[in-house]
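Multiple structures follow.
Look for subunit A in each of the two complexes below; its partner is subunit B in the first and subunit C in the second.
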Partner chain A sequence: MRLRSAMMYDMKLQIRHGFYYAYVLIAAAYIVLLRSLPLDIRETVGTVITFSDPSVLGFFFIGGLVLLEKGQNIYDNLFVTPYKPEEYIISKTLSLTLLSVVTSCIIHLSAFGLHPNLFLFLLGVTMTSIFFTLLGLGLAVRCQTLNGFFLMSTVYTFVFVLPLVDVIGVWTTPLFYFIPAKASLMMIQSPFNPLGTGQMIYAIGTLTAWIGIAWMWTRFSFRKFITLQMGGGDPQ
Partner chain B sequence: MNRVLHLIRGDWRQITRDPMLMLTLLAPVILFFFVRFVTPYAAELARVHLQLDLTVYYDSFLSFMILLIPLMLGMMSGFVMLDERDENVISYYAVTPLTKQGYFLYRLAVPLLMSILFTFFLLAYGGLAPIHITQIAILLPVTALEAPLLTLFLVGFAANKVEGLALSKAAGLIVFAPVLIYFLPMPWQLFVGILPSYWVSKTLLVGLEQGASASFIYAFIGLLVHLLVIRDLLRRFIAKLD
Partner chain C sequence: MIEVSQLRFTYPGSKEPTLKGLNFAIPKGEIFGFLGPSGAGKSTTQKILIGILKRYEGTVRVMDRELRDVKSDYFEHIGVAFEFPNFYHRFTALENLSLFRSLYHGKTEDPLHLLAMVGLEQYASTKVADFSKGMKMRLNFCRALLNHPSILFLDEPTSGLDPVNAKVMKDLILAQQAKGTTILITTHNMHAADEICNRVAFIVDGEINLINSPRELKVQRGSKRVRIEYTENEHVHHADFDLQQIGANPAFLQLLKNKPIETMHSQEASLEEIFIEVTGRKLG
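Coming up: the complex of A and B.
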């Protein structure tokens, strides 16, 4: 119950801060762009766009959300209530994931029409978004400024997005199979390259494992940089 | 002058204490190296493996890359201002000899000057298209003004850094201006002219095709559009602060 009202509140906040309006514009631009491309290129570009923008938007926005709340010292008051940090993390992550899924779904349907594999595609977006939002949250609690967050984020995400070079056909290595983005991209690409059962198990299993790792790391980071610093003023 | 030096010294101290800020300044440098070295390499790969000649797209690619420098620098300065406004630091600057106006001028002048510098390097040494120095001189003012315009757009419309992020996402769409130039025929594409970035890309593309003198009129109109928009945004921002 508490989690549900927290999520509703987070979504309201995101609408008020213009996330949804921004993504209406961005989705429209992507749809126009994709529809103007020939079909064979459109599928590759569509995969790259879905992975690199709507799927990871949570990573981008969570930085601002955490920094703002940290600056306003909201946590000091928030976590003396029964509201748990875990609920905070889940609520933030799932509410942003919803925006990812809705945006990706609209872009995909408008550019490619209805596919039988839509479920796997949306599951891929969901799991990717959860992973990257958790990663962004764990990173944001360590940062003081937006520019600092973006700079650190290039360092932290660089490895995780490497398999993109495989999709555009530049270079590949079996090592990519350890990276969650490989699994994400396989699932996001599945409407065009259907996956076998083994691949499906691999993709879902890999993302689940990485989400588990990200969850533990984020919870640890949150405890270390927020909970244990509370009431102590400046963390530095 | 002395007061501005104080702010520069403060920023410099911040930069040396916090190596991340220093690295932030590296973003345009990385972009330059990407254009200078990675692009020809990718074109060569495409030529050998896919029998595709990507060099014919260099002009449009450049008209897109030229927008990225003021976009990045303008937004970085905008994010700094949003951080400082959220933490109420701006009111501290306001009571120092720097004054509030001095603070704004500084936060707008830095992305402007840095855009001039980096855009010059990109055009002169980027190596994608031979550009005459006159053409660069025509392009620089209108391109660089894009940076403070974006800074003001962010801080003028965003109530806090979270709204700033949403706006920066939307503002990133300005890089679509060159795409629209390709898809819309001439009288219609002038409607895109309400996007200031249209004039930057248009000036570059016309200059590359028909020479510097033909592009002058676009640069001139672009300059006017930028100054008008900047004036409006500045008024809006100042009204919001008081």
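Coming up: the complex of A and C.
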């Protein structure tokens, strides 16, 4: 009940701040770009684009949202109600994930048409979005300004999106298998390169584990940097 | 309603405790004020009573529950307004209140009704970004009342308000007390505290020096003097006399007999002067 209502208001807030328009514009631009490309490179570019949507884009959007709420000191009022920080994290994450999944789906269908293998693809987008939104949230609560967040985020995103160089065929190493983006990319590419059972287990297992780690880290960051600093006190 | 004994608290990472053994009890329906200079520990005490800081030593019982063990449902029963009124700027007043209202399980108040109570009904669909400070403070007060709280915590409720708005806020607080709500206020503003608090606690360096009603304090500690204003050579002069044995004070009697008296006022010490006398500290 409370979670559903919180998600509704989160989406309303995202609309009010123009997130949906931004996503529509970006998706339209991607679709035009993809449709203008020859089929052989369209798949590679499509994979990179569909990956960047829930990951890099989601990461920056959550950062923007959190810093906006921090700037308006919303937390002082939000967490003197029965609303739990965990519910807040879930509401933010799921509302942004929904946006990512819908846009990724539209981009994919417009560029490549209907595939039989869309389930793994969508699951990949969903899990990627959850992971990167949690990561962005955990990072944003540690930052005071948007510039600070951008600076820090280049480091974080760089490490976590590194396996992209494999997709575009620049370089590869087995170490990439430890990075969640490797699993994300395999699932997002699955309409073109179907996965075997072992690969499927690997991809889903890796993303699940990383989401678990990100969840704990974000919850910890939230408690330390938001809950304990509430009501002014010492801004440090 | 609230019983606190031997409350000690140390922020993680600091060496010195911020609260060094506080004892006080607040009965239902009282307006209780925490007065003290910056850094005294007022907000820290409030954050413990609100249930945000749980790693305290001693006992803190609110509505017969030890706060260390309460879960988030505790927030169903209290209302909190921190010093700075914070809202979603892109949402209207009504949207903001509806959002916060939806976070409660229990019975809640109609936001429009609350807005009318504080005189903001015609601004229900105005974005909060366009609100003045005084309007935001009133909106914040509405927000704290959404869940029919039994206890209301107000941090600096009149800070930054002009006298008219400060008066509005004081009346709103008194109206809540009339409904039986227990109210805790932290403030630097002695004048506001004097006007609305049933009792005040002086807190300095994490310790309570004194708890009493402002009226009682002034009677006990007042300087008991009277100031006479009189005219002489078309100018107004004044003279102060000790109230003790004033009927046998020749200077006083002479003055009454020989000069045209303009005014006579007994001189009470202000709460601020008493604070300085008791604690040796100024309110910063």
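Quick note on the criterion: the second predicted complex is superposed on the first by the 230 of 236 C-alpha atoms of A that agree within 3 Å, B and C clash if a C-alpha of one lies under 4 Å from a C-alpha of the other, contacts with A are read in each partner's own complex, and residues count from 1 in each chain.
Quick note on the criterion: contacts are C-beta pairs under 8 Å (C-beta built on N, C-alpha and C of every residue); 3 or more make two chains touch, one makes a residue touch a chain.
Not measured: the values here are computed from a predicted model.
In the overlay built on the shared chain, the residue A:V80 is in contact with subunit C alone; subunit B does not reach it. Contacts of A:G63 after superposition on the shared chain: subunit B is touched, whereas subunit C is not.
Contacts of A:N147 after superposition on the shared chain: subunit B is touched, whereas subunit C is not. Of the two partner chains placed by the overlay, only subunit B lies in contact with A:S36; subunit C stays clear of it. By the touch criterion stated above, A:H17 is placed in contact with subunit B and with subunit C alike. Annotation: subunit A residues 17, 72 touch subunit B in one complex and subunit C in the other.
Residues 17-19, 21-23, 25-26, 29, 33, 36, 57, 60-61, 63-65, 67-68, 71-72, 145-148, 150-152, 170 of subunit A are the ones that touch subunit B when the two sit in their complex. Put simply, subunit B touches subunit A in their complex at residues 18, 20-21, 23-24, 42, 45, 76, 79-80, 82-83, 86-87, 160-167, 169-170, 172-173, 176, 179, 183.
In the complex of the two chains, the subunit A residues touching subunit C come out as 1-2, 5-6, 9, 12-13, 16-17, 69, 72-74, 76-84, 227-228, 230-233.
In the complex of the two chains, the subunit C residues touching subunit A come out as 12, 43-44, 46-47, 50, 52-53, 72-73, 75-76, 78, 80, 82-84, 86-91, 95, 99-100, 102-105, 140, 143, 147, 155.
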